[in-house]
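As written, the chains take the letters A, B and C, and residue 1 is the first residue of each chain.
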Amino acid sequence: METTEQIRDRLLARFPGATVTLVTNPGPAAEHSLLLGAAHAHAIALFLRDDPALQLDYCSNATGVDWPDKEIIDVKKLTVPDPAGGAPKIVEEKTKRMDPGYLEAVYHLYSMALRHGPVIIRLRTTNRSDQVTLPSLTPVWRSCDFQEREIFDLYGIVFEGHRDLRRILMWDEFKDYPMRKDYVDPDDYEWEPTPHAEVLDRAKQHYPTPPPAAQPPDGPSVASAKEGKP
Amino acid sequence: MSDPQSTPAPLPGDRPGQTPAGQQAGTVQPFPAAGNISDAEREELRRHGILLTSLEELYNWGRTNSIWPLQFGLACCAIEMIAAATARFDIARFGAEIFRPSPRQADLMIVSGTVTKKMAPQVVRLWNQMPEPKYCIAMGACAISGGPFKQGYNVLKGIDRFIPVDIYIPGCPPRPEALLNGLMELQKQIRAETLSGPAQGRHLRPEMPSEFPVPEYGAHDLQPPKNPEVWKPTAPLSRPTKA
Amino acid sequence: MSVSDLSSFTPASGPTVRAVKDPFHGDLLEVSMGPQHPSTHGVFRMVVTLDGEIVVKLKPVFGYLHRNHEKIAENTSYLGSMPYTDRLDYLCSMSTNWAYALAVEKLSGQAVPDRAQYLRVILAELTRLVNHSCLVGFLFNDLGTSFTPLLYAFREREKILDLFESLSGSRMMCNFQRFGGCRVDPSPEWLAAASQLVNNFPRFLDEYEMMLTGNEIMLARTQGIGVLDAKKAVNAGLTGPVLRASGYNYDIRKVDGYGFYPRFDFRVPLGAHGDTYDRYMMRVLEMRESVKILQQAFRDLPAGPVMDPKAKIRGFRPKPGEAYGRIESPKGELGFYLISDGSPNPYRYRVRPPSLINLTLLEEMCLGHTIADSVVILGSIDIVLGEVDR
């Protein structure tokens, strides 16, 4: 099979106006992926499916990933000469900038006919709040049907061109997108005997003042309660 | 035939040391119809082919040995429930092998698996559709408290937030033997129910509700998230402070 | 009715059964099957529209067992998710474990010793025996032979579960695979017992087939029912025995050659018609091939460690990156997609569930058949709700 770079070059030659970027995977798996612009995504997907050398006829996995807004602190080291004449000091200058977040849909494509793969394509939304529309690839690969519905349900990406975009796992009245990193689930904290870590934080949130103990150490024991009052 | 007395009156025939060998010592089994006849005499009569019993005893005997569960599997535990019904464990030995697909014909609901928030209204509705007397077994950690999935946003933290549970079987999943043990515990509980008095069965008491409000799907959670009439959690236990 | 007409259809939110007025075809009846239904294999729901007893529309409804597996796994360490994978496909915990271990090993670049690779093949194929024999039992339940074939299947299942229990400590939820190997080394007695069980298994299969395969009712109820076109199946991402029953040769054991599968000599059974009967036969034939693989594995099992000595159990932090690992689980392609950001928890953890995606074409398979057949077609696809909804 061609390498991801070769596929990218061919795509750029075939679709001159399209944006196709290589996203490298630094891990040992080294499965690099192609980031497609939303405008040409549908046409490129059709091309990938029908191209005789690739024949990526099988979309195995489609999933969403949430990348929230990140605050990035750039550290610049400046060497400031000491006015007193000593050794020059190194001063760190910190600048903060916001890296805008986005939602991502990842598709793993294989070829059943030629038995190769995977080719990974990614689509990204502009932001996480109001511009969350991506073209649906369900018309190209039917297997994305339920998976894109699931991404819509859990991440809130709206797929244009999907024939039946409804919530799939949660109920229709549900408002949140629970797989997003900033999802806060409803406060139905239940007391646990040994709260720790996050559970302890939630316990403190739930009970600002600790409730009175049910059984003080010198209270009636279970055995005496059973016997009843004499 | 309600009995205003708070404790069952000692029966004339109930003398210590006269319980037959087969019967467990210490369990109080009042037989109002047996009158003055002691258990030993009853046993003697039985050997001669005369069976003396009470309506209550007959009623409980019949109910105990034909508990028909609802054929209702939720998750992993359902497979162990099926395994309990197959040849090796054979729940038929306890008269509970007739799994009814309809709640209208079932006596026992085995909540076998994780109850999600999406499923909870249906479980409550099924419980409401079952006729009295009905019993509920929470099988497995998930049905008891949410179990390993407790932190999930769509997982109900125990079915006892909406319906009353008679027997809890811990385990993830409980073995089929554990389910059989739970069933035997339930049988014990049914056998101890009386037609009148304080130990009267739940279904005979008019003040006990038989149906419970079905929660509705809300924007973030179930509405209401729990039924405070049913769910009375124990307040946090505090460790004794060191003196 | 073509597929494109169905987009406007939304499931009923009112009473369970209601009549839908249709000026051309008379009254259609909309029935909600499930989530509590004896033959939907769990809390699966189908909203079926019937013309008489012929299915004209069928919409699957999911989510009644959505246990937030992925969200919980993103808040847990890599190894902490291993017990949860048991509960995905609760009939085949051993192979689900393997799929997850495979993905993490791909993510972190870990090696697996030879003995562990063989052991994984043994356990995955034993799981396939359990899954397929139970599936056939459930399928016959759906056909109306209440419980009898299932009793035979569960008899064999108990024997295999006893082996799993003595090896891992738990009957169903084995939690056995680790990143870089397996948890414990089986004793020679265990291997002997397992080998004996495998050698006796064809006798059970013969008995099973004698009872079921030529059965007249079985033939009448399954042949030509729910025919699936291979081209459509590929486009819809169907995998596993369901795809191969349509005659399309795609088995990840052969294609990817993961584990030590290239070392084994086995064939991939293929169907010719893609109907329910072929899907049943796929399971039986695959069990016979699994027995062949198991016999070779017991013969060739090398000595050595079952765990990579360099494997890290505590403080396991893979380098940033991502990986998609997949195996041929008894139900189809089971994949795990992991993104690591260098922390002890996965940044993204995704399960590619074969059960869910194999249901994509359920509606097309059922259209034009009776409602009783739709139950059988669903049974022949082989779903486990823990995996469908996760």
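Here is the rule we go by: contacts are C-beta pairs under 8 Å (C-beta built on N, C-alpha and C of every residue); 3 or more make two chains touch, one makes a residue touch a chain.
Here the structure is a predicted model, which means the values were calculated and not measured.
In this assembly, the chain whose C-alpha centre lies farthest from subunit A is B. Nearest to the common centre of all protein CA atoms is the CA centroid of chain C. Subunit A and subunit B have CA centres that are 45 Å apart. We define each chain's centre as the mean of its Cα atoms; on that basis subunit A and subunit C are separated by 26 Å.
Spacing of subunit B relative to subunit C, judged by their CA centroids, is 35 angstrom. In subunit B, the residues that touch at least two other chains are 118, 153-154.
Among all residues of subunit A, those that touch two or more other chains are 169-172, 178. Residue positions of subunit C touching 2 or more other chains, listed in rising order: 63, 66, 68, 71, 75, 389. Remark: subunit B residues 118, 145, 150, 153-154, 157, 217-221, 225-226, 233-238, 240-241 touch subunit A in the complex.
Against subunit B, the residues of subunit A that register as touching in their complex are 169-176, 178, 183, 185-186, 188, 190-191, 193, 210-217. Subunit C contributes residues 4, 6-7, 10, 13, 62-63, 66, 68, 70-71, 75, 106-109, 232, 234-238, 248, 250, 255, 318-324, 326, 333, 335, 337, 339-340, 347-348, 350, 352, 356-357, 359-361, 389 to its touches with subunit A in the complex. By the touch criterion stated above, subunit B contacts subunit C in their complex at residues 71-76, 78-80, 82-83, 85-88, 101, 103, 113-114, 116, 118-119, 122, 126, 148-149, 151-155, 172-173, 175.
Here subunit A touches subunit C in the complex through residues 25-31, 57-61, 63, 65, 106, 108, 112, 115, 118, 120, 141-147, 163-164, 166-172, 178-179, 198, going by the rule given at the top.
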